[in-house]
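In what follows, structures are represented as structure tokens.
Shared between the two complexes below is chain A, which pairs with chain B and chain C, respectively.
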Partner chain A sequence: MFAYLLHILIIMAIYTILTLSLNLIIGFSGQVSLGHAAFYGIGAYISSILVVNFGAPYGVALVTAAAGAGIFGILLGIPTLRLKDDYLAIVTLGFGLILVVVALNIDYLGGTDGFMGIPSPVFFGVKFASKTRFLIVSVLLVIVTILFMYRIKASRIGRAFSAIRDDETVAQVMGVNTTKYKVTAFGIGSAFAGIAGSLYSSYVHFIDPHTFSLPTSILILCMVVLGGIGNIAGSIVGAGILTFLPELLRVVIKGIPGISDKFPDFQTLAYGLLLVLIIIIRPQGLLGRSKSGRKFTLRSLFGIKNRA
Partner chain B sequence: MFLQQIINGLATGSIYAMVALGYTMIYGILGLINFAQGEIYMAGAFTAVLLISNLHIGFVPAFLLALAVSAVVGILMERLAFRPLRNSNPLIPLIAAIGVSLSLQSLARILFGPNNRPFPIKFDYTILDILGTKIPMLDVVILGASSIIMVGLTIFVKRSKYGRAMVASAADGDTARLMGINVDSMVTLTFIIGSVLSGAAGVMTAVYYNATYPTMGMLTGLKAFSAAILGGVGSIPGAIVGGLILGVAENLGAAYISSGLKDAVAFSIMIIVLIIRPSGIFGKGK
Partner chain C sequence: MLRIRNLHTSYGNVHVIKGVSLHIKAGEIVTIIGANGAGKSTLLKTISGLIPATGGEIDFDNRPVIGLSADRIVRMGISHIPEGRRIFAQLSVGDNLELGAFSRSNRESVIEDIDRLSTLFPIIKKRYHQKGGTLSGGEQQMLAIARALMSSPKLIMMDEPSMGLAPKMVHQVFRIIKDLKEMGTTILLIEQNARAALSVADRGYVMEMGKFILDGERLSLMNNSEVKRAYLGKGYKEVGE
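Let's look at the complex of A and B:
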């Protein structure tokens, strides 16, 4: 039971890093990305290849994973800068899908069989194999990420991001190099996703491309939006809730007699419905600030408008 | 061989085009990417298969009932999940759509089981031989049926009173309201049309591939969405052309590059087109 709890906390930590990194792209700079899991995967593969095939120390692999994912983020950022909103969303989505298909067809990466035998992280000769030790590493990385996010939000770069998010033309007029900052946002966000990927691969010791496909990208996006777009604390809460919710539903649904054989489907059903319900009750996200100050009523649930 | 691939591509492309029309029309009027569109397509296919195999009714009434069920699913979706979220950041209804999509998929798995169901009626799978090119009869039928539906839709939107009211609501909701158009009913009408098209595409796919399964809407939904974007979102001819291009490109990619990379080819082409023309083929640049 304790080990199970530790496991959930570790997964929660990994998702917190992912959510914070996507929040930087979506919430701070206002660029939509539906392919975030691809960078998570790039980080995971770079780190695993370096450790397994080249015998690199974990610290080096972690940093290289971040750098590699960041470079991919910049490479994706450059051509997509002309695109906005939904066009950007679909291109990032397509990019994620393409990378998964390509990874499945590259034998060096293990193809459909996945990449196996990834060791636990080792720092300064200490092996972080047990769940307790691994949790310490994860929490430290989460803290670093959180501090980084707060610092960057308050910095010149962060202000440039919010200027672009609020009005790109005005930002440009005020002398903000929008191209540079949009690429920077993609680069930094992807680099943190790479860190999460490296962490994940050394935790589960096995990776395959499907882990980093669209459903994961969507899950991270849901975490960002649920917590409140642009809100750092919200991202942490969003990641926490959406990691914990399936586990909670598992316990609840397994207790209902008669449906235990189909429980994964009932779990997804409840998860989907709850997602819709939460987002209708709090469209601005759990910690987001409401712009219009609209309140949830039973009438709004059925689309009945209060006529003035 | 080449011509045959093109015809196959046009048949699958016309299915994408029909789902893409739903995406594009709903996007046009609400600015909403309805991620759950693929699930309506799945619902249509399942209704037809279940009605035929369990109640033994004919193909035509089953097809019509499937369209009705798709429309009901679409209306409920709009009422319960999207209407409360109007006028919010577009990412927020997107999350609601993802939630709806997850729920409907798992509901389908609970009700029908995870396995593939073949279509209960056997169709004419003969292959025509026209000047040495082998063309499956089914391709021709699907291409013909979807063309009739799409031309009909275009005429309806362009010429009829309701169609014009829909266009007006999409162009400027507030002004449309001032002109006496009930924008809410137009939104419902758009969802009905989009859902009926997706449902029809679902039944046609179930016949074409002889397969129905709970996750069938996912990849088709994504591809139709890409097709809509490729053509220029909000544009009806764009969705049709985008769907056909995607279908043909995918078939050619599978035939001449690698079938394993089929989906990658389709999405790569879309990305390249968008980088060259950021607002899609028929989209209006700002």
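Let's look at the complex of A and C:
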């Protein structure tokens, strides 16, 4: 039971980093991304290849995973961030899907069999193999991520992000190079997703491309939306709830005879229901404050105008 | 200071600016008056780099502006107050001002400027930590002007600063414009409220259908029978006077 709890906490930590990183892109700079899991995957594969095939120390692999995913984010960002809203959503969605197919067809990455034998992280000769130790590493990385997010939000860069999110045209006449800052947001967000990927791969010791496909991207997006878009504490809460909820549902369903056999996808159903409820009841997310001026919600995210 | 020669701009197939030439000397207030859809806002957006020009030249301080990105044009010293104020509603008044100074790197002089503007615009001090969206329309216009001044511009372009404001606020906005003029600021002012605009301007251009049909000194425009008939209205007193 204790080990199971630790497991949930570790997964929660990984998803918290992912949610915070997507929140930076969507919540801070106002850009849509439906392919965030792809950067998570890029980080996971870079880290695993470096450790397994090149015998790199885990610290190096972690940093390289972040840098690599960040570079991919920038490379995707440069041509696509001229697009807006729904077009950007489509391109990032496509990018995520294409990357999964590509990874499935590269033998070097293990193809459909996945990539196996990824060791636990080792820092300064200490192996973080046990769940307790791994949790310590994860929580430290979560704290670093949270601190980074608060720092960047209050910085000049964060201000540029807010300006772009609120009103891109005015941001331009304020002298903000909007393309540069949008690409920056994409790069930083992707880099943190890469960190999460590296962490995940060294935890489960096995990765395959399907883990980093659309459902994961949507799940991360749900976490951001649930907590409140743009809200750092909200992202943490959103990740926590949506990691814990399926586990809880599993226990609940087991308790109700008959349901678990007939509705194996009951959890997915509950997810969808929860998201619909949130959009109806609290469109600004659990911790999102209702704001004066333009509301930034899932509806506006997809360009749906609230009726006056 | 600003010299435009034979400028053309199009939105796709729609030819909006059809060969406009204009010049502004340092310290002048120049106004462009004209009806809705004449192309006034498009002209400003072309100057500030938001819309690409399709032909002609724009020189600022004898350096070509066309083809530069909007943020580089701000750095050259052109500040654009867009139509409808466009305050960052979710950000505090202070953050709005900081964004106005985004192109500047000297922190101390930015803080000095915020202090200086606080005396010119008392609402800034009063509402410094409040969100921009909670301000009234007139206060938002004041903030928009203050924000534009934060980039320490050589030229300020104002797009319809009186739009949607109560008469009292229109009056205040134009008083600020007069103050700025006395401080030696160069302003390109776009207005539908022609009477108020001509009351502060040195010179003016009249724009119709993407072209300047008339230009001249303030008094000659005010006494021009065509301008009187079309824009000022006979014996009609407009707010802001």
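Criterion: the second predicted complex is superposed on the first by the 288 of 308 C-alpha atoms of A that agree within 3 Å, B and C clash if a C-alpha of one lies under 4 Å from a C-alpha of the other, contacts with A are read in each partner's own complex, and residues count from 1 in each chain.
Criterion: contacts are C-beta pairs under 8 Å (C-beta built on N, C-alpha and C of every residue); 3 or more make two chains touch, one makes a residue touch a chain.
Bear in mind the structure is a predicted one, so any value in this text is a computation, not a measurement.
Chemist: Quick check on the superposed pair: does A:Gly94 touch chain B, chain C, both, or neither? Answer first, second, both or neither.
Modeler: A:Gly94: touches chain B, not chain C.
Chemist: I'd like to know which partner A:Val102 touches here: chain B for first, chain C for second, both or neither.
Modeler: Once the two structures are laid over each other on A, A:Val102 reaches chain B alone.
Chemist: Of the two partner chains, chain B (first) and chain C (second), which one does A:Val170 touch, if any: first, second, both, or neither?
Modeler: second
Chemist: Looking at A:Val252 after the superposition, I want to know if it touches chain B, chain C, both of them or none. Which is it: first, second, both, neither?
Modeler: neither
Chemist: Examine A:Leu273 and indicate which partner it touches, taking first as chain B and second as chain C; both and neither are also allowed.
Modeler: first
Chemist: In the superposed model, does chain B or chain C contact more residues of chain A?
Modeler: The partner making contact with more of chain A's residues is B.
Chemist: Applying the document's definition of touch, where does A:Leu147 land relative to chain B and chain C: first, second, both, or neither?
Modeler: A:Leu147: touches no partner chain.
Chemist: Given the touch rule stated above, what does A:Ser162 touch, chain B (first), chain C (second), both, or neither?
Modeler: A:Ser162 contacts chain C only, not chain B.
Chemist: Where on chain A do chain B and chain C both make contact?
Modeler: Shared contact residues on chain A: 292.
Chemist: Of all residues in chain C, which touch chain A in the complex?
Modeler: 48-50, 69-71, 74-75, 79-80, 82, 86, 88-91, 95, 98-100, 102-103, 131-134, 147, 151
Chemist: For a test of understanding, state which residues of chain A touch chain B in their complex under the given definition.
Modeler: Those in contact with chain B are residues 26, 32, 79-80, 82-87, 89-91, 93-95, 97-98, 101-102, 104-105, 214, 218, 221-222, 225-226, 229, 262, 265-269, 271-276, 279-280, 283-284, 292, 300-303.
Chemist: Which bits of chain A are touching chain C when the two form their complex?
Modeler: These residues of chain A touch chain C: 156, 159-160, 162-163, 166-167, 169-178, 291-294, 296.
Chemist: Okay, in this complex, where on chain B does chain A touch?
Modeler: Touch list, chain B to chain A: 27, 33, 79-81, 83-85, 87-92, 94-96, 98-107, 109-110, 222, 225-226, 229, 233, 258, 260-261, 263-264, 267-268, 270-271, 274-275, 278-280.
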